[in-house]
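Below you'll find a set of structures to go through.
Next, two complexes with chain A in common: one pairs it with chain B, the other with chain C.
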Partner chain A sequence: MFAIYRRLWQVNWAEQWQYRADLLLFLTGWLISPIIFMAVWTTVASAQGNVNGITAPEFAAYYLVLLLVTIATSDTTLNSLSYKIMGGGLSYQLVVPVHPVLTQMLVNNLASKALQMAALTPIWLILYLLFHPALAITPTNMLLALPAITMGFLLQFLANATITCLAFWTTRGGSIMSLYGTIFSFLSGQIVPLTLLPLFAQNAAAVLPFRLALYFPVQLILGTFTVEETLINLGLQLIWCLVLLVVFNLVWRAGLKRYSAVGA
Partner chain B sequence: MQVVNKSLERPTPSAGTDPIVVEGLSKTYQVTDREGGFGAAMRSFVKRKFRDVKAVQNVSFRIGTGEIVGFLGPNGAGKTTTLKMLSGLLHPTSGTARVLGFTPWERNSGYLRAMTLVMGQRNRLSWDIPAADSFLLNQAIYRISDADYKRTFDELNELLELAPIIRKPVRNLSLGERMKCELAASLLHRPSVLFLDEPTIGLDISAQVRIRAFIKEYNRRSGATIVLTSHYMADVTALCERIIIIHHGQLKYDGKLADLSRRIAPFKLISVTLGECSDCDLTPYGTVVPSESNEASAKHSVQVKADEVATITARMLAELPVIDLTIEDPPIEDVIERAFHE
Partner chain C sequence: MYILKLLSTSIKSNLQHDLAYRADLIVNLVLSLIGLGSDLFGLSIIYANTNDIGGWGPSELIILLGVWRLVNVLMNMIIWPNTFNFNMSVHDGSLDYTLLLPVNSQLLISTKRIVIWHLFDFVIAIGLIIIGLAHNTGITSPLQIVAFLGLTLSGTTIIYSLWITLISLTFWFTKFGNSIVIMSAVLDAGRYPAHVYPFWLRALMTFVVPVAVATTVPLQALRGELQWWQAIGFLGIGLIAVWLSSRAWIAGLRRYSGASS
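The block that comes next holds the complex of A and B.
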């Protein structure tokens, strides 16, 4: 099994390199909005002293950690899965004895993530120097962040994979993905820290799993959680991962029965 | 004595168990149905109408070990749908199929390791990297040992002359080169059942000939069972002793290619080249087939019933100034075209 992952990694890494210019442009476009948020909130907080108790250096720290965690946890390839389902490109992946999503897509994700992280690092360091964040990362938090980030990624990967499977039924899953993406970015803390959301949205975010995918690992790195809170959230992440894995498998199997392998 | 290369040989299933057994296989697609135009588009937005398309209806057949069977039928006849069900891509609406003892659409990994699907209109290989990298990925996916991989690759290389092309990115290969790499990638794990969906589509004549020769040789060496669809009759006549004709989703013919002419088109073509003869009339001998040239000395053809060939030939030789006479089977394309519509 390890050999399959190693080879898949090599192939995907080589493919990602082919698209490195595209990747850099994507990254640049993607970076604009968090940098603007960071600039706006640090300016407002500097002028007022703080916003809801959050100071400018704390805003800077939030967004800088958010950048890293977003790249580490985001799932970039599942749109291509919906395209493959609708266009019939999934066919060849179904006749080889490895899972098209849980193996092939997963490794593809990791390869693109590695390259994105390499490209982001110098930009991140420049932003760090420009915005003076209040970052005090402890080794314990970093260590705890590893499972939190891994499960944060798995949550997004499995949720996206499940939603993408709707392409088996709808033939156009794009609008559902986009609606889901908007809800996710609000309730996961991608746009502003959750404590700045209106109360009803905060309440919704507290019970929904989105915050576990992004906000929790970010806050964990920033050191705002107690050990007990951290363990509870890690446990919740694990439960959601397992639930989503089961749901994905059910939807995937039902979807395959409907797959029509169009074109050729 | 025939020299058989040992390394491509694989154990064949025990006698009496055909590798492919299909019984009552049917597939119905549900498709949306609406007329053209803005009004129809709006109505369809509110209330969709669906229509059932019966792509394959109650098809049954068995294919034995080592056979090469050609699936024929016009576009949309259901042959690719059948092939997709047999390779596990599609779930049937009803009926059963067993391939190598597996139900294909359960996609058991044991089954996926023992079969391969080649679709002439789709790429298996990754577009941006050299085929050699995709081959190594397949080695890992199919868990092929280094020794087996090397041996199989060397053989495929010998048959397909892969060495000069596998280091180039696939996107830079010609269609023929790409198909060679696609076939090699599909066969590295030495499958015992091959589904080839139009493997020569779009290729020039010489590339078609090479791919055909390769398929034949692979079958001879490995004893693999091969099911092939193609619109090129030359593929079928060169490779398949047996053909299965599907039309409108139904099985129209299953048998030897040679028997098809006898059954569907029990007639022969008698072609004659005549000497000086301005008022020779061929109509009393049979149905005159329009000739390509109008010159008096040109070749003329008449279509006659198979059991009357001897009598009519004798009459023509006696009554006409015949310079040359040949008796031919009708073109296979015509026979198959007839079979579709029978």
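The block that comes next holds the complex of A and C.
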């Protein structure tokens, strides 16, 4: 099992290096939006002292950490899955005794992730100097953030994989994905810190698991959680990961039965 | 006259193309509405926590959103699909056939594919501008509105000209097609007034990808912050951009050697 992952890693790592120019383009697309939000909110906060108790340097810290967590936890490869399902390309991977999503795509994702993080580091340092964030990272928080980020990644990966599997049933899964993406961006803290949302959205965010994917790891690194809250949230993450793993497997199996292997 | 005839033919053939996928139309309209809802919700969050962004009120940000969405209609309706077509045709040499036609080639490659259903987004953008204007109390003279409309038009033309220039550069640097991705990423900054951004980002969105000229500048005219000579100056820049980009296109064509023969 481990040997398979190691081999896949080597293949995917080499593959990622082939397309390093595309990677830079990808990063530009991703960088702009958090920078815009960071600029808008730091301007508003410095004009009136603070926004709901958050000062300009705290906004800068929030968005800079968010940038790291977003790139570390988001998935970049699953959109190819829907094409493979609809176009029949999945057939080739189904005859290989390795799970196409949970092994092949997962490792592919990790490889692109590693390279993105490497490319992001210098840009991140420049942004750090430009925006003067109030950032005090302690070793304890970083250590606790590792499982939080890992599970945040798994949450997003499994949820997206499940939704992408809708391609087994409909060719228009894209619009559902887009609606999901919009809800996710607001309730996961990707657009603003959750405390700035209107009350109904805050309540929704508190109940739904979206915040566990981004907001929780970010706040953990920023050090705003007590030990108790941290443990509860890590537990919740674990539970949701298991739930999503079960749901994904059910949907995947049901989908495979319907798979018609176009072009075969 | 002949330009209009060419345009209407292109629109007709594209309409036929899009009508073949009617079910997609509904999905795309729903996606448009989701996008609009998300933009407005984003603005409402900001104004629930503050009275102004860099001195600008809600009605002004709604107008700005409308203008920014106009630029995006241009991107999605014309620039993206035709960039794809253009890159393919340079790659496989089918550009030869376009060039052989006795028609202005720049017009032909920029209107070959028009994604008709984006007209819905166009209506939304115009609607936002009208609603914002109706709620704006800061307008004192009709001249401000005239300047606003003129500068919106010329700003959008500058973005179009930048695109023509970028794809002309493909003739020199074959891998240049990706620059459109960067251009579209920077365009995203246009949804908020340029002066809230730090200096380097403002410089980027004014001089490299002039989205600030297309979105913030018209709003400044509406707020009466521009002198008459500044407004004329920006309109002049628009005309120069159109002229320069058509020169770049012609110079690029001279370098084109065809891939098929």
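We take it that the second predicted complex is superposed on the first by the 264 of 264 C-alpha atoms of A that agree within 3 Å, B and C clash if a C-alpha of one lies under 4 Å from a C-alpha of the other, contacts with A are read in each partner's own complex, and residues count from 1 in each chain.
Rule of thumb we're sticking to: a residue touches a chain if its C-beta (ideal position, glycine included) is under 8 Å from a C-beta of that chain, and two chains touch if they have at least 3 such contacts.
No experiment lies behind these values; they were computed from the predicted model shown.
Enquirer: Just from the overlay, do chain B and chain C fit on chain A, or is there a clash?
Expert: Taken together on chain A, chain C would fit alongside chain B, as the superposition shows.
Enquirer: Which angle, in steps of 10°, is spanned at chain A by chain B and chain C when each chain is reduced to its C-alpha centre?
Expert: Once the structures are overlaid on A, chain A sees chain B and chain C at 90 degrees.
Enquirer: Touch check for A:Ser175: first (chain B), second (chain C), both, or neither?
Expert: A:Ser175: touches chain C, not chain B.
Enquirer: What is the contact status of A:Ile4 with respect to chain B (first) and chain C (second): first, second, both, or neither?
Expert: After superposing on A, A:Ile4 lies in contact with chain B but is clear of chain C.
Enquirer: Is A:Leu130 touching the first partner chain B, the second partner chain C, both, or neither of them?
Expert: A:Leu130 sits against chain C, while chain B stays out of touch.
Enquirer: Just chain B (first), just chain C (second), both, or neither: which does A:Ile32 touch?
Expert: In the superposition, A:Ile32 touches chain C alone.
Enquirer: Looking at the overlay, does A:Leu231 come into contact with chain B only (first), chain C only (second), both, or neither?
Expert: Touch status of A:Leu231: no partner.
Enquirer: If you take every C-alpha pair with one atom in chain B and one in chain C, what is the shortest distance in Å after superposing?
Expert: Value for chain B versus chain C, nearest C-alpha atoms: 5 Å.
Enquirer: Show which residues of chain B lie in contact with chain A when the two form their complex.
Expert: Residues of chain B touching chain A: 29, 80, 84, 87-91, 107, 109, 112-113, 115-117, 119-124, 126, 128-129, 133-134, 136-143, 197-198.
Enquirer: Which of the residues in chain A end up touching chain C in this complex?
Expert: By the definition above, chain A touches chain C via 21-22, 25, 28-29, 31-33, 35-36, 39-40, 43-44, 47-48, 51-52, 130-131, 172, 174-175, 178-179, 182, 185-186, 191-192, 196-198.
Enquirer: Can you list the residues on chain A that touch chain B in the complex?
Expert: The touching residues are 3-4, 6-8, 10-11, 14-15, 18-19, 88-89, 91-92, 94-98, 256-257, 259-261, 263-264.
Enquirer: What part of chain C is in contact with chain A in the complex they form?
Expert: 23-24, 27, 30-31, 34-35, 37-38, 41-42, 44-46, 48-50, 52-54, 175, 178, 181-182, 184-186, 188-189, 191-192, 196-198, 200-201
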